[in-house]
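Several structures are given next for inspection.
In the two complexes that follow, chain A is the common piece, with chain B as its partner first and chain C second.
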Partner chain A sequence: MKTITDLILKMGKTDRRWIFLIIALVTLLPLFFPIGLPIRATEQTRVVYEAIEQLPPNSKVLLSVEYSPATKPENHPMTISVMRHLFRNKHKVYITCLWPDGQFMAQDVINMVAVDEFNLTYGEDYVFLGFRPGNEAVIKGIVSNIRKLYTVDVYQTLVDEIPMMDGINKFTDFDFLFSSSSGFPGTIEWVQYAADPTGVPMSSGVTSIQVNEVMPYVQSGQMKGVLAGMPGAAEYEALIGIKGDATSGMDAQSIAHIVIVLFIFLGNAAFFIERKRSKKY
Partner chain B sequence: MSSTMIFGAWISVFLTFGIFSYLYKDNPFYKFAEHLFVGVSAGYWTSIFFWTQIQPNLFGRLWPKTEYTDNLWYGIYKGLSFFSSTIFPVGGIDKGHALQMIYLIPLALGIMMLLSLIPKVNWFARWCIGYTVGMAAGLRAYGYLNSNVIAQIKASAFKFGNFDQPFFSLSGDSYFNSLVLLVGTISGLLYFYFSKSHTGLFGKISRVGIFFLMISFGASFGFAVMGRISLLIGRFVDLIKYSNQDYNYATLWILPVLILVLAFSAYKDKAKNKPIVNEK
Partner chain C sequence: MIWKRQIPILIVTIVGLLTLFGWFIDEPTVESFVNDDATQWYDILASFAIFLGALNLMKMQINKIIKKKPGWIYSIIAILGFIFAITAGFFIKGVEGVEWGAHVTTDGTLFKWMFDFVFTPLSATMFSLLAFFVASAAYRSFRIRNFEASLLLVSGIIIMIGRVPVGGIISSWFVMYILVLALGIGLNIRFKNKMITLAVVGGGILAVTTAGMLSGWPLDQPSIFYLPVLQDWIYFYPNVAGTRAIMIGIGLGIFATSIRYILGIEKSYIGE
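Take a look at the complex of A and B:
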């Protein structure tokens, strides 16, 4: 018994750099040798899927991109999957950004999905309005008069000349909102200043770290489900039947978590053994 | 594969390893990557802010193409156009706006904000800071009250009146979940009530609140770990992609070079810090 406790104590004093190295290895190995762990959609992801699935064809959907390359592995796969789902169901997609970096993240998704996969026509099937600075004020602007805020799209085309913009004057002209968010301004601001005051249904895909903040709005029905980080994106990929980057990262995610839990367990065990010994002497 | 893409991949790999190298210890690669990130971000944001808001929505409303005439106001514009015809194109700015002189106020507030850089007149900046704070407070007060207070109270407390819900459900609405929510909210709030000492029954309830807070922090920590691992996976996926022939084996070249440089630097530091022994 003493040998085990001594070993745990010794492990508790391991240089943190060894722990970083082990985490890196256990994350890296499943990327080379995938195990193919099963992915089952949670209720929150299923609600998002159903909300989009139940929209009648040709619905006008506002897709807001508010993340930067820093959270690309979490937000990008979910944005790609949601856009695929929207175009597959023949909806009209209007893309805005509350983050400046969101503009080139959105452009990347458009190139991949709308242009390469679906070969859609700009201005008839989708429109890219781009970024405007002002945080909540931008959302308020979209809610009250989008034409005043966006007179030109991201390519500097006059909005009046874009066919898809006919009949789009304010937020209530949209049928649905999906916000792919990684912080402020993002999902919470859309709930507060757009969805709640107007009643337009909305869903969101957020980074893992945001889930706890956003969940109360989901539980209360202010939002229709939420895609929670990379697992949420992987679940959505499973629901639409097209595997992507999130699915391929889930093996590494799961194994890394097991190792981290093990480290937490060992760290706590070392702490309690040490405390017990110090009391004894 | 274009040479620009390959060059971009090499920079990406170098900067990724530069940032990762901080896990070993602070070093010039990390510092370089960090400073470059801050500088590029600031430059990118400034440029985007200017070209998506100030030029089209502010200047575009003050000097629109549709109302271009030879008057004094457009005379000023011609002067500005002389310095930069990209920002102020000849014949007015065509961004679909009509002339709106009220936008002189935001222009003035913007200039006043910039005056904070000049110590003698930096008090001007207080006006626009005051305006911004006031506007944001007013805007947020409504949003928070409506969505975070009223809607949340409605959605939680009022569920007790819903007789259709089951007694117990793992994730959906149920009396048990409503009870947990009620107990958690009240005990959590009481923990932060400091006008009464936390003893007796009050102390016991506030202790329950601590457990709820700890569970909440634990969930946040778990999600934070999940997020960080996701980002690590994202970087690894890119590093693996850039290690193939298409990118001239960027990862496979840069990683050993960086390790060698750091190892050599550590060896030199060790030699430098070696205590000098005086031999007699």
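Take a look at the complex of A and C:
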């Protein structure tokens, strides 16, 4: 028994570089050798899916991209899946960005989904309005008069010359909003300044760390569900039936979480043994 | 003095009052100012702020290099990076036939190259480090020291396991067995009586096994012990209650600060 407790104590004082190495290994190995754990969609992901599924064909959907490469593994798969779902259901997609980096992320998704997969026509099926500085003021501008805020699109084409922009003057001209967000300005600002005051339905995909912040808006009905981090993205991929990066990342995340929980147990075991011994002597 | 003190305070008071009452006054001119003009002004000011920010950044970094302050070598990299970004953004596109502005996101341009091969790996690396620090911090400081810490630890574990697919394959019956054993450990620590511990653990295991055999061991039933359902409940109720309390506090704080600005009591923005 003493040998075991000594071993636990010794492990409790492990150099943190060993922990880093173990985490790196348990994250990398499932990426190379996938386990294929079954993915079960949670209620919130289903609500997002149903909200988009129930939109009538040719609905005008505003897709706002506000994340940077730092959270790409979480936000990018959900943006890709939502765009796939929107185009599959023949909706018109208008893309804006509240973050400058979002413009690059959005362009990447457009190239992958709209151009390569669906071979859609720019200006007729989708339009890329891009980034404008001003945070909440940009949202307020879109709500009151989008034409004043965006006179040209990302490719410097006059907005008045884009066929899809006919009849689009303010936020209430859209049928739905999806915000793919990883912080400020993002989902919360869209709820506060656009969706809630105008009544236009919205959903969002956020990073895991942001979920607790946006949950009050989901519970109150101001948002139709939420895609919560990489698991939310993987669940959405399962619902639309096209596996992507989030699905392959879930094995790695599952194993990493289990290892962290084991570390916590081990750390606590060492803590209790140490406390018991210090009381004894 | 009037230009540095009274005039800025007057502008803040007037604009603050107009923006505040714009939500309550049904007058087209005021509404148009609040919803349209004010946001346009903000956009213009934000654009100038970018210039000011860039100048300030350069001033600070150059100052650091001249005075050879600790880490001055990194300031050289910051300045070189800044100059490179400005050059790629305003002077050299790298590809012909692409409009200025559109070149930022067009493949093959210098700016896009910089974003893809410098900025993206750097920011991804910084964020990835979080996973290692979270694991190390959890190992070293997530301790069951008191009731609150235990509650936090248990909720954290339920969220961590219940949120990922592996949580979905852990049967609620397995969780019930774990709970029975945990109850046994708790009773043993409290009463130090082997008979009570044995009776509770034995009775618990028997009860769970009988219930499982009668119901056919469904993976997600009883749902209260199924980790994905449990984590959903934690997110949706205790978490929302806590977050709402924080949000209401922040809201009241913002309201109080705004009133102080409008009334001219808060003057930190003019350096007082």
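Here is the rule we use: the second predicted complex is superposed on the first by the 281 of 281 C-alpha atoms of A that agree within 3 Å, B and C clash if a C-alpha of one lies under 4 Å from a C-alpha of the other, contacts with A are read in each partner's own complex, and residues count from 1 in each chain.
The rule we apply is simple: contacts are C-beta pairs under 8 Å (C-beta built on N, C-alpha and C of every residue); 3 or more make two chains touch, one makes a residue touch a chain.
Note that the structure is predicted; figures quoted are calculated from it, not measured.
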Checklist entry - Counting only touches as set out at the top, which of chain B and chain C does A:212 meet: first, second, both, neither? => result both
Next on the checklist: Per the contact definition in the header, classify A:192: touching chain B only (first), chain C only (second), both, or neither.
Outcome noted: first
Checklist entry - Thinking of the overlay built on chain A, is A:31 touched by chain B (first), by chain C (second), by both, or by neither? => result first
Next on the checklist: Once chain A of both complexes is superposed, is A:83 in touch with chain B (first), chain C (second), both, or neither?
Outcome noted: neither
Checklist entry - Is A:222 contacted by the first partner chain B, the second partner chain C, both or neither? => result first
Checklist entry - In the superposed arrangement, does A:114 touch chain B (first), chain C (second), both or neither? => result neither
Next on the checklist: If we overlay the two complexes on their shared chain A, which of chain B and chain C does A:39 touch? Say first, second, both or neither.
Outcome noted: second
Item to check | First (chain B), second (chain C), both or neither touched by A:141 | outcome: second
Checklist entry - Touching A:103, do we find chain B (first), chain C (second), both, or neither? => result both
Checklist entry - Do chain B and chain C touch any of the same residues on chain A, and if so, which? => result 20, 23-24, 27, 43, 70-72, 101, 103, 132-134, 137, 140, 149, 152, 156, 208, 211-212, 216, 219, 228-229, 231, 253, 256-257, 260
Checklist entry - Can you list the chain B residues touching chain A in their complex? => result 23-24, 44-45, 48-49, 52-53, 56-57, 60, 94-97, 135-136, 139-140, 143-144, 146-148, 151-152, 154-156, 171-172, 216, 219-220, 223-227, 229-237, 240
Item to check | chain B partner contacts - residues on chain A that touch it in the complex | outcome: 17, 20, 23-24, 27-28, 31-32, 43, 70-74, 100-101, 103, 130-134, 136-137, 140, 149, 151-152, 156, 158-160, 189, 191-193, 196-197, 207-209, 211-212, 216-217, 219-222, 228-231, 245, 248-249, 252-253, 256-257, 260
Checklist outcome for this item: Counting only contacts in the complex, chain C reaches chain A at residues 35-36, 38-40, 42-43, 46-47, 50, 99-102, 104-105, 112, 115, 119-120, 123-124, 126-127, 131-132, 134-136, 138-140, 142-144, 153, 157, 160-161, 163-169, 228, 232, 235-236, 239-240, 242-244, 247
Checklist entry - Taking the complex as given, what residues does chain A use to touch chain C? => result 14, 16, 19-20, 22-24, 27, 37-40, 42-44, 68-72, 101, 103-104, 107, 132-135, 137-138, 140-141, 143-145, 148-149, 152, 154-156, 208, 211-213, 215-216, 219, 228-229, 231, 234, 250-251, 253-261, 263-264, 266-268, 271-272
